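Here the structure comes first, spelled out in structure tokens, and everything after it is commentary.
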Amino acid sequence: MTLDIFLQHLLNALQWGSFYALIALGYTMVYGVLLLINFAHGDIFMVGAYVGLFIATFLLGQYALRLPFTLPSWAVLALTIVGSMILTAGLGVFIERVAYRPLRDRGASRLYVVISALMVGILLEYLNLAAFGAADRGFPQLIRKQIYTVGGVSFTNVKIIVIGLAILVMIGLQLIVRHTKVGMAMRATSFDKVAVPLMGISTNRIITASFTLGSSLAALAGIMFGTAYEVISFDMGIFVGWKAFICAVVGGIGDIRGAMVGGFILGFIEIFVVALGQFSGFEWLSSTYRDLVAFSILLVFLTFRPTGIFGVARRQKV
Amino acid sequence: MPLLQISGLTHFFGGLRAVHGFDLKLEEGELVGLIGPNGAGKTTIFNLVCGVYKPTQGEILFNGTNLVGCRPHQVTARGIGRTFQNIRLWDQLTVLDNVRIARHSKLRYGVADSVLRTKRCQREEEDIERRAMELLDIFGVASHAQELSKNLSYGEQRRVEMARALAVEPRLLLLDEPAAGMNPGEIDQLLELVPFLRKQFSLTVWIIEHQMQVIMGICERIQVIDFGEPIAAGTPIEIQANPRVIEAYLGKEVA
Amino acid sequence: MRRHSLPLIVVGLFVLTIGGSWLGILDAYVQLVLFYVGINIILTVSLNLVNGYMGEFSCGHAGFMAVGAYVSGILTVWLFAEDSVFGLPILPIGWAIPLFPIILIIGSIAAALVGLLIAIPSFRTRGDYLAIISLAVNYIVVSAITNMEVIGGSRGFVGMKRVMNAMGDVFDAPWLLIWTFVGIIATILIIHNFVSSTLGKGVEAIREDEIAAEIMGVNTRRTKVMTFMLSCGLAGLAGGMFAHWPGGYINPLMFFILRSTEVMVMVYLGGMGSISGSIISAILFTVLLEWLRPLGVFKWVVIPLLFIVMMLYRPQGIMGSSELTDVLPRLQTLLRADKEVKDNAPASD
């Protein structure tokens, strides 16, 4: 493989991994705070994409209801992202209030809340399917794609934006978690949920904060996904979402750096497995094998390091 | 040969030294106590003997065989039974089931027998149930056999836990603060019960306790630890008068 | 009379369902629904063993079903059918009837072995790792089968129906339903015997307090692995039977996460740790799915909503952790007449 082809794949892997990372962050934050695997999160990603689609389409004047002025596309993009993030975060918080909190308040075992999460996910998928049909939807292109070529490597500005956003998000989250009160409260909650309210901090507020952050990041990922790949579908949450969950685990669930690292690792594995299939002797490694190989590698990794890369084994007092 | 011989037992939890240089020679039939302030490491020592943790350093010989590296169920199979500081019964299971399950280390039938309900399995189950009921009877809780263990009173739960510990047919019984939460009447019963059990089941007993009444009342000799280190050993009378022990519990006298 | 109550009930059910099918009283659609109910009972009871009794969280049950389905289906076609992949049948069709249960058992064993592969790494640590690993395995199994073009890949594998029809030609009977019935009885007996024995009680002890269980002499690692294998094997049994359904084909997507989710829903609906709860919820859920079929896509909008509502108002499921015999004591006297009720024989029968 020549260097420029390698770099090409590298960029693809970074972009692909960025989506996993952004979604994995949502899983990891909720798990860190609630010890809950929020199986609906992948579908929140899907909802974010669709909400973005509708906001953008509306703002672009493509619906019957037209705005009395046209907006420049950067404004449309900004409004779409912000609008979708807010609405999707609202959905995430709503779900938490209605489907998870009552169970937690009742002291139901975590297993029940997880099942509830599964159900919410299915509900979202099929509501979408019922409302909009099974056909994939084209996502409005809000960023005029420009292709740059450096050396032998060509990439679009979208790719750079996606990767850049992911890195910015990670830096931003690390700052929030380490330097703000909310962030510290989140970390404290993941260590000892009982002590936190005794210190005068409302755990419900923290949980709401986690869901808000996680859901809005998933929405961002959804919009960028639509922009990058131009198509969204009702089941994008299933395929991308569940895998992102495994990324969070491999990185060490509960740890923000872990979600990022895990996301990029899976991105790399998937892209390079397919890339390898272009070499002689490896033709059998077609793209259909991508999932198989990726999951097998992750499984083997988890066998040897079950707590993930950054995870810490929770010690039980005997 | 002593039944239990511990030499140089040392254990670190990460950077925290929980136990340091603990030794013990426990002869068969003895009734020995382990005391020390809260957090001294007493339960940790029990956990190390039971195989819950693998000691950082040190030797634990039970009946001549090395226990270090054994998993807890293997240690139990060799003949060590135990109760816990905070009762650890299986709440959603019946009292009878709690005691039956302790027979696992003695089970001779396998999954196939269990699934097919072979004669072998049935015979062993009858035996298990009989033994379990006998034990529950000794502890006066046989009438609660079919109740969920979480529904029993605290004192009754403690007795079920002891019945369970005896169901493993131990040679050595480890009691972790058996008198915790007991009222004086119950403590009096305990003072009679433990020596009785020792005689009845040919046990060697090692007790962790805080209640001086119990320690002084039934222990033949006592070891004291503080911050993980042994600081004194001797008969109850000797220990009571030992200044280091007093200091550990009450602190240094301000001049 | 009382002594034989339970076998009588079983025989009665057999006559009703199998006899009814044979005589054509129950039409093909009803037979199909009965078949689905049967498959779901086996799947639910077997998953309950791990998720309910053992308190773990396995989310890939359909993956083991897939292993059983493909192994059994392939064996059937290889042995008894003329097929583009395997060529001519190896054995005459007359052998299919006695060999069918053996084929199903081989499928189960294959599924149990895959379960063993997973159990060993998963049970090294407690917590939600089984959830993650079982999820990944479900993906891997489906993905692996999709990639095996030789057995049809994503298009699916066919041929089982020809064999079932040929079996019907040899001796006219609703063979699939018969074996499903036998499978259900076997599953219930196996699981019930296991969980009521002291060995099986260890599983619940692990759920309640694993460390205490280990200290009290339960070999937790081995128990967890054995229990998981048993559960997976039975899922493989259900899969093997499913492969021979009247539709005649199986493809990997039938065993994907949604299928696993359905089984999980049935387990929690029925109540974790209750065999009768699993049976009841399997029946109810299967019937509900069929009843809601005309809703098409809205089926899967209604079901999660119902489920979420149920979670909020009765989170322990239909039976919680009690069995039917706990809730209806007279049923207990009916079923256990010979042994345990000797001393308090009720006044009336």
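Chains here go by letter, A, B and C, matching the order in which they are written, and residues are numbered from 1 within each.
FYI, a contact is a pair of C-beta atoms (placed from the backbone, for glycine too) under 8 Å apart; a residue touches a chain by one contact, two chains touch by 3 or more.
None of these values were measured; they are calculated from a predicted model.
**Q** Select the chain whose centre, defined as the mean of its C-alpha atoms, is least distant from the mean of all protein C-alpha atoms.
**A** Chain nearest the centroid of all protein C-alpha atoms: C.
**Q** Which chain has its C-alpha centroid farthest away from the centroid of chain A?
**A** For chain A, the chain whose C-alpha mean is farthest off is B.
**Q** How many angstrom lie between the centres of chain A and chain B, each centre taken as the mean Cα position?
**A** 50
**Q** Distance between chain A and chain C based on Cα centroids, please, to the nearest Å.
**A** 34
**Q** Would you kindly tell me how far, in whole Å, the mean C-alpha position of chain C lies from that of chain B?
**A** Computed from C-alpha means, the inter-chain centre distance equals 42 Å.
**Q** Send over the residues of chain B in touch with two or more other chains.
**A** Chain B, residues with two or more chain partners: 52.
**Q** Give the residues of chain C touching no fewer than two other chains, as numbers and ranges.
**A** Residue numbers touching two or more other chains: 211.
**Q** Where does chain A touch two or more other chains at once, residue-wise?
**A** 318
**Q** Over in the complex, which chain B residues touch chain C? Could you list them?
**A** Per the touch definition, chain B meets chain C at residues 50, 52, 71-73, 76-77, 82, 84, 88-93, 97, 100-107, 109-111, 114-117, 121, 124-125, 128, 164-165, 168.
**Q** For the complex, which residues does chain A have touching chain C?
**A** So the residues of chain A in touch with chain C come to 37, 99, 102-103, 106, 108, 111-112, 114-116, 118-120, 122-123, 125-127, 129-130, 238, 242, 245-246, 249, 253, 286, 288-289, 291-292, 295-296, 298-299, 302-303, 306-307, 313-314, 316, 318.
**Q** Hey, which residues of chain C end up touching chain A in the complex?
**A** Touch residues, chain C against chain A: 51, 55, 57, 121, 124-129, 131-133, 135-137, 139-140, 143-144, 146-147, 211, 257-258, 261, 264-265, 268, 272, 297-301, 303-305, 307-308, 311-312, 315.
**Q** Going by the contact rule set out above, which residues of chain C touch chain B in the complex?
**A** 190, 193-194, 197-202, 204-205, 208-209, 211-221, 226, 230, 321
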